[in-house]
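Chain IDs A, B, C, D, E and F follow the sequence of writing; residue 1 opens each chain.
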Amino acid sequence: MSLRLQRSFSRTCVFAGTSLFALGAAPAFAGNAPVPNPGDTAWLLISSALVLMMSIPGLALFYGGLVRTKNMASILTQTFAIVALVGVLWTLYGYSLAFGDGGSLNAYIGGLGKAFLKGVGVDATAPTFTPGHVVPELAYFVFQMTFAMITPALIIGAFAERMKFSAVFAFITAWVTLIYFPIAHWVWAVADPNVIVDAATELAAATTDAAKQAAQAKIDAATASVGWIAGGLAPWMKGVGALDFAGGTVVHINAGIAGLAGALIVGKRIGYGKEALPPHSLTLSMVGASLLWVGWFGFNAGSNLEANGTTALAFVNTMVATAGAALSWLVTEWAVKGKPSLLGLISGAVAGLVAVTPASGFAGPIGSLVLGFVVSPICLFFVSKVKNTFGYDDALDVFGVHCIGGVTGALATGILVSPDLGGVGITDYTAIGENYAGKYEMLAQMIAQATAVGATLLYSGIGSAILYKVVDLVIGLRPAPDQEREGLDISDHGERAYNL
Amino acid sequence: MKIVTAIIKPFKLDEVRDALTTIGVHGLTVTEVKGYGRQKGHTEIYRGAEYAVSFLPKLKIEVAIPVELTDKTIEAITNTARTGQIGDGKIFVAPIERAVRIRTGEKDEDAL
Amino acid sequence: MSLRLQRSFSRTCVFAGTSLFALGAAPAFAGNAPVPNPGDTAWLLISSALVLMMSIPGLALFYGGLVRTKNMASILTQTFAIVALVGVLWTLYGYSLAFGDGGSLNAYIGGLGKAFLKGVGVDATAPTFTPGHVVPELAYFVFQMTFAMITPALIIGAFAERMKFSAVFAFITAWVTLIYFPIAHWVWAVADPNVIVDAATELAAATTDAAKQAAQAKIDAATASVGWIAGGLAPWMKGVGALDFAGGTVVHINAGIAGLAGALIVGKRIGYGKEALPPHSLTLSMVGASLLWVGWFGFNAGSNLEANGTTALAFVNTMVATAGAALSWLVTEWAVKGKPSLLGLISGAVAGLVAVTPASGFAGPIGSLVLGFVVSPICLFFVSKVKNTFGYDDALDVFGVHCIGGVTGALATGILVSPDLGGVGITDYTAIGENYAGKYEMLAQMIAQATAVGATLLYSGIGSAILYKVVDLVIGLRPAPDQEREGLDISDHGERAYNL
Amino acid sequence: MSLRLQRSFSRTCVFAGTSLFALGAAPAFAGNAPVPNPGDTAWLLISSALVLMMSIPGLALFYGGLVRTKNMASILTQTFAIVALVGVLWTLYGYSLAFGDGGSLNAYIGGLGKAFLKGVGVDATAPTFTPGHVVPELAYFVFQMTFAMITPALIIGAFAERMKFSAVFAFITAWVTLIYFPIAHWVWAVADPNVIVDAATELAAATTDAAKQAAQAKIDAATASVGWIAGGLAPWMKGVGALDFAGGTVVHINAGIAGLAGALIVGKRIGYGKEALPPHSLTLSMVGASLLWVGWFGFNAGSNLEANGTTALAFVNTMVATAGAALSWLVTEWAVKGKPSLLGLISGAVAGLVAVTPASGFAGPIGSLVLGFVVSPICLFFVSKVKNTFGYDDALDVFGVHCIGGVTGALATGILVSPDLGGVGITDYTAIGENYAGKYEMLAQMIAQATAVGATLLYSGIGSAILYKVVDLVIGLRPAPDQEREGLDISDHGERAYNL
Amino acid sequence: MKIVTAIIKPFKLDEVRDALTTIGVHGLTVTEVKGYGRQKGHTEIYRGAEYAVSFLPKLKIEVAIPVELTDKTIEAITNTARTGQIGDGKIFVAPIERAVRIRTGEKDEDAL
Amino acid sequence: MKIVTAIIKPFKLDEVRDALTTIGVHGLTVTEVKGYGRQKGHTEIYRGAEYAVSFLPKLKIEVAIPVELTDKTIEAITNTARTGQIGDGKIFVAPIERAVRIRTGEKDEDAL
């Protein structure tokens, strides 16, 4: 999922007169509808399956291995149930709220026009980021569904081992509806590049002023009808949209800050800081981390929607940043604590995956490698020093890894996209073929990135806090101490994860 | 010498261990056990099948002590392991006749 | 794998004169052989890998987690050995029996013409469901192989923990040969759509009566030379073939009823109903269920053979039905038994996957969602009430989930395919472009579906029972009580699954 | 990855005058650069993800399950850390050393021209084995990276449970640099088929002697600028390159012999031959073996780089050889030792996968099936009889399965490629369309295969031994006996794999 | 008071527990153990390596009882745990001097 | 009769078992336990959290023997289980009053 469309859109108004006339030879797409390529469809579908695998069993095992035996079934049930629940909500109204047309409110929310998949038949298509290319809209729908599934599942790690299943169930239902779907819309509701290209072609070919104005109006309409972050619509953004290729803000910062709010509101686990609360199975956590890595290629490279060179780039970036971050955590820990640990190694891998997510289709491989090297010490500092200093019980380090890693990646994206650093620069659909790379301006881009980060932190942080409080009032967040001691497996689900 | 055997709730282990250390008992052996008693278990349901789980996880602590520490030991365990709720467990005291430290061959009270 | 071809074939004889002349512009495929598209090939191959993953480790873990520790290696060995065994048999003669040309017996069995992969070289192709599209036949061969592998592996759950490995080995060898390969042929041996389209084009272009008769004869030959269920060849079916997109009858009902027969004949486990026989690791069962879900996209969406919009539809249907069924089992159990369990949640997911299998390429997403909601309570009723009432020991609920879920799905397919309910309707290759959707008739279709269900239940149920009895006579089904008590891991395999 | 290009190249010099004139109609690729097909790109990328999954979690679990509980975290950390480490090294210089242009040293090593991915941008392409087809070079880069990751990870099984993490880390860094990258270059640095085809076309069209000589010079240059094993450049090879489709020599023999050297140099585990050292979890080993099987399709069929009929063939061969070998080990053990074991079954599967690796794109399915049947008894003989006789402690049978299985497969490839046995024969890009199959000569081919096997055994065996000795001198290979007894999890990593 | 320790075959647990309940013993503690004795283990083969497994899984049941229940307890266990096949296990009776219920502090026979 | 209970390092089991067999003790029962004593554990670090692991894995061996074998048994265990390093473990000897072989009902020394 990419924001790279947005940046140049509103600028088009300014530069159109000069730069667009070079476009005469560009193909016009209006009229003859593009047909999905089987290779792209196959890629998007297998990517969707990979992202589902990230949640179940990937994340479930990564998290599950880190809790105590008595809460294993709890973590697994919560993760799996969230996947099922969000799958249903996404079909009923989530896709529409996130990717529908919100009319006058479109900068903030997508409306209900596609609720119950209205109009999304077997032949419907969705545009990719290459003009003239489309994929079946059902494939796009299900790919995005898997993102909506995993994001709330990430949250539960922060308050693991101590929130009632009923509370988790209620909270997540509210959270995806009121926090995730809107933020996804803000950041990922973008214009159809085909429309831009067609209009730009029209503009280039226009000979009369009226025709020029009409074409320009089409471009303006397309670029205005987007999520506010995607379009850089806030006044200080001046039309420069934030870049978030695969979900640094929407997924990781969003889930990470919601997790922190939850950890703070529900309070520490009984025994936290006193008893040993060691992971019951690093083996399973390692399996989970591995499947997250494997599945993340669907997440990042799948976000390109097609299978082309940029897909390969996103894939490579995901690989090298993760390898770099895993190695970097291992070595840092080795140097600082004396022993290189498995948990550190896999935590580093996840930190690298998180950090490269927004950058994956924008940065170059060496930039991504450096990002990987850098993100691990930062996250390690948060999960050891900062957490211990402030004493919050972010049980599985959702804030420390996902939020902090996400912020690191989101800001780094604004830098690494720079062609000078091996990045791909900013795509301008109105001037394909022209050398647009020079248009990247670091300051403007960083303002956009910071806006996306800040908006997510604030909206999700405050919004989530309110939702926890409401759930607490209505059904209560926390089990009785005895139940917590016995473990959520028995108290919530009446079963145990193991009977060896 | 006596061997004091205590069946306790698992999460009380660290407290009990600390209390024993305080009174000068520096060694003990712990076993994971399942206890059956008045404390009711729960029911587990696996698809169609319901199981009444009547055995609950407990820890068994064994401490070999010189006779004179018996009362203190019992007290230390009772005080720390008590939650006041059913299932807190039991303490049994039995005699032992000899003790040996394998490493040194030291005998009896020297071996504890 | 789809049956949607069949229905209109024999009708072609009737309507040809009128409807086919509209086809003049359709491309003729005779002569210039179509070439596989890399995207389709990639999709079919990755789907094959996914279906293998469903068996190992997916199903092996799902089942394995549910048995006691002492029988874990037994379940894993049986599953893995079945995969290997059937892989070999499929290559030697299975593919030929199922998808070869059976000559005069073709309605019932495929013959030995393709035994040892005779004639299936690197350049051989197999048709898909879109005229003019083909895939490498080796890819089709291996995709179908994975179906033949998993189906018998499903059965073993019913008599888990109490059948000797040698007996399982012998039984499965006989079963795939005498039950699976024939039924696969009955339901999935369909005509090449290219042949139909070519003949229809010829018919349309024919000017003389002789030419018309010749063309019609080609159509007749193609539509007659199919499996009897696929072609609706039974008298009461009147040419309306049953619809089974990915194996509701061939795979799930088939395995489910064979499992029930086995559970009844081998008898209950020692201690059944008296001792606790709890799952030794719900963790592993959850991992298994997750991998089944992920892999099932290969099963269902792979069955479209190509990567197009219908593939995306089958993928989406698989996703939403499963999410709906998992949620539905969870909520039903929560309401009825007081606690939402992990085992229920994943059982629901599997029930949803089973139910949507025959419908996946035919129903619409909302229809599939409803199917998911409905199937779970039905299966839950069977695995708790019905099983307890009748007292059979279907250890891992193969009958209760696969057979009952399969029957539910197979019958629902006849309804949900209706265009009025968002389904895709019935494809008629002889009249592409024409509005054929109106030709769906629910009663006729339901007769076809019921025939497929009934034929599978009877043939597989009775046939399997006979095979169990024969194996029992020859080598004995059951281990000595002491061996059963010690566990099959030691008695059958001389090893233990864990040495912790 | 295939060597099938090489064989006919230097012969071209001889036959060119006669055979090439038939090529007039062949398309010339010079000038209009081919564009990657999305289906091929999707296939290569998903294959890369599959191969990563082979390492983590596949191999990590397969190996991890076989060690004792106290060394589980050690195995998992080593595997995961090697993946991360090699990912970084491959990006920095490994890809360049293996697949760069080594100039005058090109027969032996690839040079540093592509270090830091210099020149490998988003639009760079790499040729496949079909003239006129390319894939994004970044996809090729990352696909090959996953091979470089798994190969050293294979080694650690031989000295499992008794080598310090720091030693493993240092050894692997040196090993991939000095052993793997060169051997990969020897065997897999091949000529661009497009260049050959273009030059051959030019040669065919040449009318003057000068033009002919110029064209021939191009062919000569292309065929000479390859790895020495790939090109058959050793005097006795007479231009017949060894065939190694997916890594029998480079990966399996290479890792297997390096493992044996390590097992011998580091010595036996404390207690070996006296205490029971049973696998702590056959369950995990079975999961690992299953994921290896699933992932291996990426390894073998991915090595075709495209998604076409040969890809399907490689996929099928991988499937049937593995099924055959698993079954064959099971049955052999059943006959010889009285019980069919799970460990035997999965060992057989891995042996089959190893053996078919070099043959996968060359043999026919029945040839591969036979290869599978044959390889298992051979490996079983080595891991039980030979190992016990000589008394080396190859802990997880890296030598017995990977090296021996690899040798079996590498030699068998020279036979099974024969068109008489259903193999695909030798490709000659200079005479496409001509019947080249007859050019296969078994003796010449077997000399080439034996050369590849022998060169790998010698270079890797001796080179690895030296590296172990150096590491032993500098930091010491082995932990203190007490640490070994306590387990590497605690002594190396300060954590335990399980806290149940 | 006595403590009766019985080593039994694992699948006999529920029967033994029920028999004890019948004679009025309402508490017991169970430990998973490995037993070595006359009962022969089996051989496990892992690839090339054969292991003679001489330790077999057993359950150890510990029951603290008033002296007068000793015979009944032994009888109850013997009757239900017996299969007649080698490896059925042993019963050992040892004295205990004191017992305490942690929850209430009740002593000796009241604590059982 | 006596019951000899030994806490030993896990990897010493096979040696101890063999030594006991040599002196004519043909049955024993083993339990996995965690020991706390002078032997220092290690520290485990899980991301930010450090845990001092003070309980170390040990094996508890229980052997019921006729009185006259007591010294030999102690000696056999001491000799084989000793590594000379801290944490080698302890031996405790306690009386038992009765023994029963469940299979046959044999009593006392016949039952061992």
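Keep this in mind: contacts are C-beta pairs under 8 Å (C-beta built on N, C-alpha and C of every residue); 3 or more make two chains touch, one makes a residue touch a chain.
This one's a predicted model, so the numbers in the text were calculated from it and none came from an experiment.
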Separation of subunit D from subunit A in steps, with touching chains one step apart: 1
Shared interface partners, meaning chains that touch subunit C and subunit E: B, D
Chain pair with the higher count of C-beta pairs in contact (B-F, A-B): B-F
Subunit C and subunit D, separation of their C-alpha mean positions in angstrom: 36
Where subunit A and subunit F are represented by their mean Cα positions, the distance between them in whole Å: 56
Inter-centroid spacing, subunit F versus subunit D (mean Cα positions, whole Å): 50
Overlap residues in subunit D, where contacts from two or more other chains coincide: 37-40, 42, 46, 278-279, 337, 339, 341, 343, 494-496, 498, 500
Multi-partner residues of subunit B (each touching 2 or more other chains): 31, 44-46, 85, 94-95
Set of all touching chain pairs, with the criterion as stated earlier: A-B, A-C, A-D, A-F, B-C, B-E, B-F, C-D, C-E, D-E, D-F, E-F
Interface residues, subunit E side, partner subunit B - complex: 1, 3, 17, 26-31, 64, 94-103, 105, 111-112
Interfacial residue positions of subunit D with respect to subunit A in the complex: 36-42, 45-46, 48-49, 52-53, 56-57, 60-61, 64, 72-73, 76-77, 80-81, 83-88, 91, 116-117, 120, 122-124, 136-139, 141-142, 145, 165, 284, 492-500
Interfacial residue positions of subunit C with respect to subunit B in the complex: 66, 276-279, 337, 339, 341, 343-344, 347, 383-385, 387-388, 397, 400
Residues of subunit E touching subunit C in the complex: 11, 14, 42-46, 85
Touching residues (chain side subunit B, partner subunit C) in the complex: 44-49, 51, 53
